[in-house]
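Heads up, the thing below is written out as structure tokens.
Chain lettering (A, B and C) follows the sequence in which the chains are written, and residue indices restart at 1 in each chain.
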Amino acid sequence: MNYDFNFAPVLANYPRLLEGAWVTIQLSFGAMVAGLVVGLMGAIAKNAGPRPLRWLVDAYVEAIRNTPFIIQIFFIFFGLPAIGLRFSPNVAALVALIINVGAYATEIIRAGIESINRGQVEAGIALGMKRAQIFRYVILRPALRTVYPALTSQFIFLMLTTSVVSVISASDLAAAGNDINAETFASFEVYLVITVIYFILSIGFSALFSAIERVAFSYPLSR
Amino acid sequence: MKILNLVLAAGGLAGALAATSLPATAQTPQEIKDRGTVNIGMLVDFPPFGILNTEGKPDGYDADVAKLLAEDFGVKVNLVPVTGPNRIPYLLSNRIDFLVASLGITPERAERVDFSQPYAGIEISVVGEKGLDIPDAAALAGQSVGVARASTQDTSLTKVAPEGTNIQRFDDDASAVQALISGQVPLIGASNTVIAQIQKLRPDTYDKKFDLAQQVQGVAVKPGSDELLKEINQYLTEAKKDGKLNAIHEKWLGQPLPDFIADDTAPRVDGKPASK
Amino acid sequence: MIREFGTSDFLFILFAVRWTLLLSAIAFAGGAVGGLVIALARVSQNRIFSGLALGFIRVFQGTPLLMQLFLVFFGINIFGISVTPLLAAAIALTLHASAFLGEIWRGSIQAVPGGQHEASWALGLGYLDRMKSIILPQAARISVAPTVGFLVQLIKGTSLASIIGFVEMTRAGQIINNATFEPFTVFGLVAVFYFILCWPLSIAARQLERRFSRATAR
């Protein structure tokens, strides 16, 4: 092994790494929040929507879940302008991420809603709850609690997926790494540092999700 | 069970692959000759210098120059496709013997690799949508310009671009061109050959705004490979003299080798904007 | 140079499907072996083994596959060995698959009711016999559906090998797009090919899961 590790030029570029990491955090967080909304709407449509809408949701979920993200983002950035839809790279990245995670969230939340026992709903009706109340307290909240682990690991996976967005010239953490690599040629060192930062981010997001879980789902379990 | 068989077959294949991974690469001409094969890195997404032909094989100006050099060495050629950002790492990590990869000779790169005399030359300009009034670099403020990451276009544009220019870096020239054609960026930095293609593809849509740099391309070897470099230079000189290089240039670019390459009179530094 | 999208371009992308399949198969085979080792280490009584396995899983599930590819690609050189993009991608995807399959199979092993462990103890079976004859066959049944589901993720993951220059389906699409500049057609076609590969697996995974949950419903 006669290789001289040279981390100095990588670490000297730490402001750019931080800037890139910040974009990655924003993209991830934005896509998680919006993806959750898409997932909720998708799951509700799948559950209670008219048949054509259910088919549409099915097609969306299957198309996204069975094709790679990198193809989806190429399609959105390079293909969609042909029909007049044009986004800047970071916005295109966010749109692609939302569309992607929305499909997974739809599927996860749908499974959660289906896991709710009919008897619970009937109990809610018997108690004289309104439809919206039943949906919110009897269906949605327990469903979300059931699928929370699946949802959050999907979100972590999403955060890691953002590393692909530099292919459309978005300026995330991986793009900062690519730029520094192009200037320093210290490839291994650059990508090792970047990987460590992603690892820290995934630990950070995990901690955030546990904190949210404690706050949002701390009411006693009833079996 | 069919799936099991497939998995087992794949496992066996993986073992075979591990055994046939590329051998470590030579730095001296003798090592290359002993091996009987020369591994040459080239781009495959930089028409007309490096492309994949319809059979999926590397082709283009660089491929023909690489083949010519292999012939001179008296060995078989193994063309290794590289990408713009990873071509120098490829060389430095011993994956290939040398690069014939449209690598522009710049002072920054010369610190990393050793260059031969130029074997090709191109002009780099900013090109964009007609009607956009961009007479010089100063007018770029507030504009988005696409370039291939780590290319000469990238470095020379970065040098002259005023504050407020949004430089969007793509993985290769083709992606930058795609972004221009899709309307994702109104301007890109590109070479004259790329610009000629864009104009063929979409006539009367784009025009040249201003020149960024003149770039000469050299064969790149690992630093300190003096013997190898000497032989490559010798072969290039011969190819320029006997007209072989010119013939390749005519074939791929439809015009004779520029004088500044043929006579080797090009300035060996670039990155500065062309004087107007 | 710039040409219309034609039959030869279609065939170029179609033929690249085999590289996607080959890479997926290698990674799955390697990941199956690695995953079994990781899963067994994770459930072992030995703290060091289970700790190491946990660390391995955390690192590979907590970092992007793209970075894992880059690190293997550029990292192996440090030892003076050069690797082709195919080999680098095969190694990185194998490690990646080992971590995910290891975690899936750990869950499956632990889902085998504790009584089964105790009963095989009581019968005086050694570790190998206990695992081979009692625990793993039951765990295997539990794990089929999520394993097939992961295979879909793995096939999609091979698309990132394009970024280190391995010409599988995605890279083939990029190369063709760079010559034809018809992204709608090219990437649409590539997406359809991936869909054809992945969709049947997704359906199979779902049906297996449904069948399994019906079988275990009490």
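Methods note: a contact is a pair of C-beta atoms (placed from the backbone, for glycine too) under 8 Å apart; a residue touches a chain by one contact, two chains touch by 3 or more.
Every value quoted in this text rests on a predicted model; they were computed, and no experiment measured them.
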_Which category does the touching pattern between chains fall into here: line, ring, star, complete, or other?_
complete
*Would you kindly say which chain has the C-alpha centre located farthest from the C-alpha centre of chain A?*
B
*asked:* Please tell me whether B-C or A-B has the greater number of C-beta pairs in contact.
replied: B-C
*asked:* Based only on mean CA positions, could you tell me how far chain A sits from chain C in angstrom?
replied: 20
*Intercentroid distance (Cα basis), chain B paired with chain A, Å*: 37
*Enumerate the residues of chain B that touch no fewer than two other chains.*
86, 89, 93, 171, 175, 178, 182
*asked:* I need the residues of chain A touching at least two other chains; which ones are they?
replied: 78-79, 82, 167, 187
*Which residues of chain C are in contact with two or more other chains?*
74, 77, 80, 163, 174, 177, 183
*Taking the complex as given, what residues does chain B use to touch chain C?*
6-11, 13-14, 17-18, 21-25, 44-45, 47-48, 51-52, 54, 56, 81-83, 86, 89, 93-95, 171-172, 174-175, 177-178, 181-182, 197, 200-201
_Residues on chain A engaged by chain B in the complex (per definition of touch)_ = 77-79, 81-82, 86, 88-89, 166-169, 175, 178-179, 181-183, 185, 187
_Residue numbers of chain C touching chain B in their complex, please._
1-2, 8, 12, 15, 22, 25-26, 28-30, 32-33, 74, 77, 80-84, 86-87, 90, 94, 163-165, 167, 174-175, 177-179, 181, 183
*Could you pull out which chain A residues touch chain C in their complex?*
1-3, 62-63, 65-72, 74-75, 78-79, 82, 156, 160-164, 167, 174, 187-188, 191-192, 194-195, 198-199, 202-203
*Any idea which chain B residues touch chain A in the complex?*
85-86, 88-89, 92-93, 108, 112, 144, 146, 149-150, 154, 168-171, 175, 178-179, 182-184
